[in-house]
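Chain IDs A, B, C, D, E and F follow the sequence of writing; residue 1 opens each chain.
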Amino acid sequence: MIAACPECERKLDLPDSTRLSEVVECPDCRSELEVVSIEPPLLVIAPEAEEDWGE
Amino acid sequence: MIAACPECERKLDLPDSTRLSEVVECPDCRSELEVVSIEPPLLVIAPEAEEDWGE
Amino acid sequence: MIRAAVLGGAGYIGGELLRLLLGHPEVELAAAVSSRLGGKRIDSTHPNLRGLTDLTFCAEEELEQYDVLLLAAGHGATMELLPRLAGHAKTLIDLSGDFRLTDPAVYEAYYGLPHTAPELLGDFVPGAPELAREALRGADRIAVPGCMATAAILALRPLAAEQLIEPDVTVDARTGSSGSGATAGPANTHAERSGAMRVFAPAGHRHEAEIAQSCGVRPTMTATGVEAVRGVQVLCRATLRDGVDETAVRRAYRRHYADEPFVRVVAQRRGMYRLPEPKVLSGSNYCDVGFAVRPEARQVLAVAALDNLVKGGAGNAVQSLNIRMGWPERLGLEFPGLHPV
Amino acid sequence: MIRAAVLGGAGYIGGELLRLLLGHPEVELAAAVSSRLGGKRIDSTHPNLRGLTDLTFCAEEELEQYDVLLLAAGHGATMELLPRLAGHAKTLIDLSGDFRLTDPAVYEAYYGLPHTAPELLGDFVPGAPELAREALRGADRIAVPGCMATAAILALRPLAAEQLIEPDVTVDARTGSSGSGATAGPANTHAERSGAMRVFAPAGHRHEAEIAQSCGVRPTMTATGVEAVRGVQVLCRATLRDGVDETAVRRAYRRHYADEPFVRVVAQRRGMYRLPEPKVLSGSNYCDVGFAVRPEARQVLAVAALDNLVKGGAGNAVQSLNIRMGWPERLGLEFPGLHPV
Amino acid sequence: MIRAAVLGGAGYIGGELLRLLLGHPEVELAAAVSSRLGGKRIDSTHPNLRGLTDLTFCAEEELEQYDVLLLAAGHGATMELLPRLAGHAKTLIDLSGDFRLTDPAVYEAYYGLPHTAPELLGDFVPGAPELAREALRGADRIAVPGCMATAAILALRPLAAEQLIEPDVTVDARTGSSGSGATAGPANTHAERSGAMRVFAPAGHRHEAEIAQSCGVRPTMTATGVEAVRGVQVLCRATLRDGVDETAVRRAYRRHYADEPFVRVVAQRRGMYRLPEPKVLSGSNYCDVGFAVRPEARQVLAVAALDNLVKGGAGNAVQSLNIRMGWPERLGLEFPGLHPV
Amino acid sequence: MIRAAVLGGAGYIGGELLRLLLGHPEVELAAAVSSRLGGKRIDSTHPNLRGLTDLTFCAEEELEQYDVLLLAAGHGATMELLPRLAGHAKTLIDLSGDFRLTDPAVYEAYYGLPHTAPELLGDFVPGAPELAREALRGADRIAVPGCMATAAILALRPLAAEQLIEPDVTVDARTGSSGSGATAGPANTHAERSGAMRVFAPAGHRHEAEIAQSCGVRPTMTATGVEAVRGVQVLCRATLRDGVDETAVRRAYRRHYADEPFVRVVAQRRGMYRLPEPKVLSGSNYCDVGFAVRPEARQVLAVAALDNLVKGGAGNAVQSLNIRMGWPERLGLEFPGLHPV
């Protein structure tokens, strides 16, 4: 199952066991992506707690 | 040619090309050793400028 | 190829195991467990692994069957975990303090809590190749010693085994910040820990028990956190027995370590790096061991240095695994360290 | 003698205020607030203060009347706190980002939250002696600029004020770990933060707003966390206007800073410390400012360095207080920094 | 197995070549030249090599015939040395600045001395696999680029090659102390260099010439010595051409580096290590490259990090040698770097 | 106001004297000698002094008459210099090792050269206020103890003086790189010295002689160079006499140091900074002293920390001068150190 990261267009090769609502991490931009559809596979950026980073 | 380091007893395998007065370094204690005899091979600690090390 | 799994893979010892196993030609890294980071890529936590793997952390419940399971969780937790995890692999290698000591009473005295699986203590072989190589060949329960303990044991063993020293020894250990693991807390923020010389164990450190058990000495140990991320150095002092001189000391070290692939005797009269220092060992599996004798005072100073995450933990685990599997002992452990660094 | 209270005294800016006020001949440090550490000695948190004071932290509710109240809490929290605390002192000095910007819309754009006390913004005078000395003489609401902002503003001000440069400037800031405060978290453990070169604001930093407001330039700013506890350095690049050469640039800096007690122009052709570096400024209230001109490219590099906790925060607050009170400006701020360090 | 010799083996780049070649399965390290240390063991200078070799340094006059000779002497000296040494090996790899630039006039402008072997400049292929892989396959004269140049070139190349940016770029480089070599002097004692943020090239750095030559841009470069022994990071700013957005930028990096064994694109939205940092690359041959786009300002920040002694020098030399010899490109360069560190 | 001159002003101890004397309200800094840098500004060498003075270094021959002359040259050189310089000032304060020991034979044994002015040894009072306050009041020849010696003496003195310990003690000292002075050499380049744990005195250190002389103990001392520019910490181990417990130990420290302006007893059960650490003392004249008792083993660990250039040298000199002149002892020495740092 191939789906694209909506953030950076990276193609993700999702395992067949992938379930709806599962959250996966984009290997490139590391966005957290929610699986919102299996056929066809579709990813959206998962809502996330704002991560504090930096000074 | 085998000779022992007078400082730490390490056996040194000197190449056949070793010449008299040559200075070699002991692989263990790193003393500088002068070749004072070839047959039999004999090493003595080479006089050295005091090395300053530390604070 | 064997299949290996690592528990505690998000921690510092766990991360070092992942690095070494990913680079090991005979091992397939099949799983890394993290309770906090299940589903996340392991290279998000350990950025040095980018490009080497697409593995994600899994939960303990997802563990399957492996040839070897390496445990890199904290002490206390491990003695609870290990019994229920034992079924997942024939060979278990534990890196915590829970299965290193043979006597549960000593464990309780040093760790401040009763051992909950004392019946298993006898099953474990120390993951210390220099001390237990033969036993490791057939071992399926291996307990890797502590990082500062390994340094002190390798420094003192030749002297103690050959009865060159009196039993009372002192151990002054210095350690980098990775020695206390990955968890953030007020004591290990950069601003507080930076440039520290923090004597955090002024009146006795747990590793005394391991040193005593392995060397038959009576150690008094202090430990100081110094400015470094990786690296342990120990300065051990002992009184020489009557008639023991520098030659005898040097001979003892040579005899013990001449054939050891990962112990080097470093006791030089010249040069900049005369005695063991951890910085040139970062990432490497060497433990350098050296000494200085003060004859008029009948004293010997034994010094050892290592990378706490490698020879002080993950590397010793892999070296033990190599022995257990009958592979060349240096396999996957060839990185020699850097200079300058 | 006036009586001063510090809110946020357990933090890094707060601790620096405590140090400076304890050493100030005209100030009695009367209270230090901490919500977490009420009743605990302040020298337990700030060990450098041992022997100087027996003060303990108090709760906000225990605050009484003071001549001056210094606020060293985080942004967001401060705009909530300040209105209810204003009654405790005639003079308020805030070190957070909440009252530095005059335009609430700019605040919201840069801080990502609406300002809850926009009506107070107009009351504040910048705690920036070099820019607002006259206004500070009568000021009872003072907002000290950000640490990197102060460095960039002092670097760029002479060039901008004398119209020597085009308005587009870039600012590359480097900062030590104390810049993000005392709170422990995964990103500031020693092992992770050590040796970092962490570009944490690659596409714009909050302090752009302050730089723009004070200098009338259009800054593009990045910030990188580097290996240091204290210290900020900024490298600002700008295009010189037609006909502007090195002489004009040097004159502008001289004119602006000749009489400034805490700004030194450092732009040497020889020696080891030719341009400003923060390490020799640790603990001091100096901001060193320098420049290099590349005539053929019509470019100027303006460099500034300071200690983020002193001239970048607590020291600027005390200097502002000195001005406000009509005291000599250097009072309590004489420590010049160390060499070597 | 081929036989290799290293000139300048007592230096930092030379030492790194020794480490890599000793660990390379297809190379026998046959000689290491030092004029000062002839007859001394190489592991006395490079203590990380203890136990790996008994080799001693030899004098230039003792050089014999080798398959490859690697030169790690300074610029200026190298253009004198190289002609007389060329007969010792079929393949020459130079790591100095002397044969990197094709135009002797540019050399003279940047190095301040006339080139003494300009007729040889045309013979050299850049030791830059990402730029010159095909040419390297048959190359017997290889000139490895400078460390900061390599970082900047790898950061800017995709943008420049695909014409996504305007030609004027700025490069803000940060470097560790090993970048200036092993020779002691007042400017690099520990006490002075420690914690430095030394802008040592405020108005132009030599590596500008290499960046311009390789990318066709007009760079303005500054370089700052920061607290680190190894490691280079560059922050490059450029203006995006009309219509270029983040997607286009990311695509360019992917296209250029998807198949590169030693370039990783690191531009993450989450996590601690979002952009390239050198510390996790110490000892490794990776160059990490990332970017951040600021669309409203039409600006792009390109960031790269590497270990100056590996990908910035010795590692690039070995990777080039691997290509030249038709070996797998990663041979002898597998060490991935450490975390934490 | 008195007039003071400093010899060796370009060195690290000399530079610290300059800083302290420039900030001292009762002292006019009248001259700073350097043989290498005559005519050069002192703030070119010590950039922290920029803006405080326009003084330039002078040659020894240019010296005039002063109230006090402070000598900060190396040992060996000083015993040659001092006799010919004595006429330039009524009061001489020497910071080298040449006039600290009373017995020329001990000097020769520890320094490896015969003392050339043994007749003067008896004239000197130790520049150690805690030991010799009364003698200092009238002293015109003052010899400041060594930095590690001062730390060890202040750690051991209460225990030794009150006969709480057996005479055999061990001292493990750790020191920053400024301890070896400003001269560049292969052993103190940043790349080699950085992150070091260099046991440079494994079998005895010169300061043993001073510790023995001041405390009447038999010390065995090692010293390790660790990652720091400033700072010394000593860990001293001793055996408690029969019946001595922690209470007795704590009382001894209190008694000795209750009224000392610059010694603080730091031996806490809680908090992050439980025992003395040098980093929070950088720039300050404090020596922090602490202890930990291990009753079952009858052992005590005594720990002390200080800034080697201040309490370990220049600060002790100024404190001694204050006593000599009858000024308040803290004059010019008020800087308390920083946190965080």
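In the analysis below, a residue touches a chain if its C-beta (ideal position, glycine included) is under 8 Å from a C-beta of that chain, and two chains touch if they have at least 3 such contacts.
From a predicted model like this one, the values you see are computed outputs, not experimental measurements.
The interface with the greater count of contacting C-beta pairs, when C-D is set against A-E, is C-D.
Same-residue interface: subunit E and subunit F share over half of the residue numbers found at their contact. Once the centre of each chain is set as its mean CA position, subunit A and subunit C turn out to be 39 Å apart. With centres defined as mean CA coordinates, subunit F is found 35 Å away from subunit D. Work out the mean CA point of subunit A and of subunit F, and you get 61 Å between them.
Looking at subunit F, one finds that residues 12, 177-178, 182, 185-187, 191-192, 194-195, 198, 229, 272-273, 277, 340-341 touch two or more other chains. Within subunit B, the positions touching two or more other chains are listed as 30, 53. Residue ranges on subunit E touching subunit C, taken from their complex, read 12, 15, 19, 22-23, 44, 46-52, 178, 182, 229-230, 264, 266, 270-273, 277, 280-284, 286, 288, 334-341. Those residues of subunit B that touch subunit C in the shared complex are 7-9, 28-32, 48, 51, 53.
The touching residues of subunit E, when paired with subunit F in their complex, are 12, 176-178, 182, 184-186, 188-195, 229. By the touch rule above, subunit A contacts subunit C in their complex via residues 22-25, 27, 30. Those residues of subunit D that touch subunit E in the complex are listed here as 170, 172, 174, 186-187, 191-192, 194-199, 202-204, 220, 222, 224, 226-228, 231, 233, 235, 237, 272-275, 277-279, 292-294, 297, 299, 301, 303, 305, 340-341.
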